[in-house]
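This structure is in structure tokens; I'll ask about it shortly.
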Amino acid sequence: MSLEAPMIIVNFKAYAEAVGEGALRLAKAAERVWKETGVTIAVAPPATEIGAVALATEIPVLSQHIDPVEPGSYTGHITAEEVREAGAVGTLLNHSERRLILADLGLAVKRARDAGLVTVVCANNTPASAAAAALSPSYVAVEPPELIGTGIPVSRARPEVVTSTVEAVRRVNPGVGVICGAGISRGEDVGAALRLGTLGVLLASGVVKAKDPEAVLTEMASHALGR
Amino acid sequence: MSLEAPMIIVNFKAYAEAVGEGALRLAKAAERVWKETGVTIAVAPPATEIGAVALATEIPVLSQHIDPVEPGSYTGHITAEEVREAGAVGTLLNHSERRLILADLGLAVKRARDAGLVTVVCANNTPASAAAAALSPSYVAVEPPELIGTGIPVSRARPEVVTSTVEAVRRVNPGVGVICGAGISRGEDVGAALRLGTLGVLLASGVVKAKDPEAVLTEMASHALGR
Amino acid sequence: MSLEAPMIIVNFKAYAEAVGEGALRLAKAAERVWKETGVTIAVAPPATEIGAVALATEIPVLSQHIDPVEPGSYTGHITAEEVREAGAVGTLLNHSERRLILADLGLAVKRARDAGLVTVVCANNTPASAAAAALSPSYVAVEPPELIGTGIPVSRARPEVVTSTVEAVRRVNPGVGVICGAGISRGEDVGAALRLGTLGVLLASGVVKAKDPEAVLTEMASHALGR
Amino acid sequence: MSLEAPMIIVNFKAYAEAVGEGALRLAKAAERVWKETGVTIAVAPPATEIGAVALATEIPVLSQHIDPVEPGSYTGHITAEEVREAGAVGTLLNHSERRLILADLGLAVKRARDAGLVTVVCANNTPASAAAAALSPSYVAVEPPELIGTGIPVSRARPEVVTSTVEAVRRVNPGVGVICGAGISRGEDVGAALRLGTLGVLLASGVVKAKDPEAVLTEMASHALGR
């Protein structure tokens, strides 16, 4: 239940560009970059697109969220089993746009783990990242919400948040990897993130809304390899 | 944006029986009953199964929920556009297991309508049904939560809730149809619901967890036709 | 369970000006204006200040919110009984900063009514106001959220929202009074609100953050009386 | 910002017994036991009763909850400043009946700390307690929700949860004290909790709904002192 580092996780959010054909186009671009560079590129499409994306590509597909419930009487919920059945190998959790209460977050991590899913728990700052690490997810993704979607990379605007998170997570739970996100849109942002001690990045608009997502990913992968 | 009455809406919830092959099996059983009887049978699979079910059958597919947001930066949300693209023709909203705040419910109804989706807004009693009707959905489904999953049909346990809802909704907004749910598991429950003035029923475990869902639906359709 | 029209309801929110001595100062200013003009002025202080404000003044005190629960095992909740015991005669509900799901809103209105409290249900537009009216509160307060705190009064910026709400509420439930809010900060805004068919206004920063709250309220009361 | 150990924190919840005169009676009983035994007894009345209880007694008064917001435009919220002004010296946070999302919990702890309030963060199990400790509250109160209100004490039913929490919290943040709760209703439960390494207990119905709360508290204090 882990992804190979370095990794780039592309969150499709609910962007208009990431529905139907758009989701497939993005996922296939990501797959080509992975095949050419060897850098792990995972995609997190909307729930309705997980099945099609998983069928059409070989790259890791993540859900954007799961609910902390077992299969059962839960209308409008998304379970670990459902996303795994659709082809996901993991899930984001606790994104700033889809926060969970602490007890549910712990339960969602456990349910995902029990279903064999990789978990990437988002957190807004260093203390919250340390807290998230105590729940033993696969990864913690530290993302200062105020930078999300700005194009101002966390690795440049708040490098101390990234390094203090790497340290805090190691202290609480050394088995948990750290990635970072918010404002990542260029290759150099990825390189900087790795040099700060992370295993990779989580991003969204920087790729999804790019004119040429494949070119952006290729540049990012190149920086991830230190080239 | 309407379904032909009488109608039976089968909510797959997050039941284990309704994932992957199970979802297709249930949907195909529903389709056969529709073809044989002419009674509208709609299904509401988990978000991850909408695409596959819509591809495999010709019956109306509903989402179990949509979020009241436009396409955009909304991780872990489900938009009207996403479910329509996946093949849904409508959506449940405000199910007792997935309630919405009033302002969001109004917005979700509007967003679904603008996307050309049928809306079935669930409500827990007569005043809430009247309130829901003021938001101009296609249908209001009155479901006393205490009867959900019990096998004790609302049409028998609380017929006055159903009739008072039919009256209240007609007074507030005569263009809104009423269906009822909670505890519906046999053909006679469906017949009773229609005699109380509804256009059909919303049910879940009574079909999804039945040993022979097709037989249950056939009996329900038969009663819906007054046979 | 009603307030005498015309009425001005001052929501203290969680403003720094409205805690401790500040709450008492505001409430006493409101009381003086009421005594001098006869115009109903109700205040909605923070929960922690209800008791002190109710003890120190004779004007109607409202809670800003109650939870839809009976007395019992509900940590961090506020019940109808608690606010009544503290001296409140009513409560705001469903403010745009404290929304409730539809089922809870219906239950909160019922619980408040059963406890003898006046209910003022906020709603963001005309359909939501009509929906709220179906729950039979004492009043519906229509407040377009985009105007709250702007100083641009709803009565001037969106008069058609106010008049269509007055009509829609009358159609759904003629026993429910309509007030309006958002951007109300001057006497003429109050006069305009009454001419549009409302029974009064709900406001906050326009009074709480005014240099001279008593002068603002006096001018508002004067306009409310058509002088 | 700490309480003297051993400590007994009595959560009044929204119990009918804890409103108005009842709140004062309970608080005064707690005060007498504290004066006679020297064991810290803190009380957490409903928000509307904080002022009266703080005025009438000298024991530590806690809020049951605060919202993670600064003073401002937040209707129906409770701020750190409000409860401090009313006389509280601290607050419970994240009780199983009033959970917070992780980011808000971190912010609420910070806001309370900045206002000089003691913080007691509830958590449902050991990993969540460790996570809570990473946010640097004054105390973590581990409470398996399934035991709350049962009279089956966590210290007897799940002692391993208490000891593993004490260890995990010490590892993550040794400056954070651990207390435990759920099912605590007798003196021996308090003694057992202390022997498991906690600094005290959090309880509610065991005292609030007791026929003679003072006798129960006296027995508990006696066990807390090892007599």
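Just so it is clear, A, B, C and D label the chains in written order, and each chain counts residues from 1 on its own.
Just so we're on the same page, a contact is a pair of C-beta atoms (placed from the backbone, for glycine too) under 8 Å apart; a residue touches a chain by one contact, two chains touch by 3 or more.
Fair warning: this is a prediction, and the values are worked out from it, not measured in the lab.
Undergrad: Keeping to the contact definition above, tell me which chains border both chain A and chain B.
TA: Of all the chains present, none is in contact with both chain A and chain B.
Undergrad: In terms of CA centroid distance, which chain is the most far removed from chain C?
TA: Looking at centroid distances, A is the chain farthest away.
Undergrad: Using mean C-alpha positions as chain centres, tell me how far chain A is from chain D in Å, no decimals.
TA: 37
Undergrad: Roughly how far is chain B from chain D, centre to centre by C-alpha average, rounded to an integer in Å?
TA: 44
Undergrad: Hunt down the residues of chain B that sit against at least two other chains at once, touch-wise.
TA: Only 96 qualify.
Undergrad: Once the touch criterion is applied, which pairs of chains come out as touching?
TA: Applying the touch criterion to every chain pair yields A-B, A-D, B-C, C-D.
Undergrad: Applying the document's contact rule, which stretches of chain D touch chain C when the two form their complex?
TA: For chain D paired with chain C, touching residues are 11, 13-16, 19-20, 44, 46-52, 64-65, 67, 69, 71-79, 81-83, 85-86, 92, 95-98, 148-149, 204-205.
Undergrad: Per the contact definition, I'd like the list of chain D residues that touch chain A in the complex.
TA: Answer in residue numbers: 94, 96, 99-106, 123-125, 127-128, 130-136, 145, 168, 171-172.
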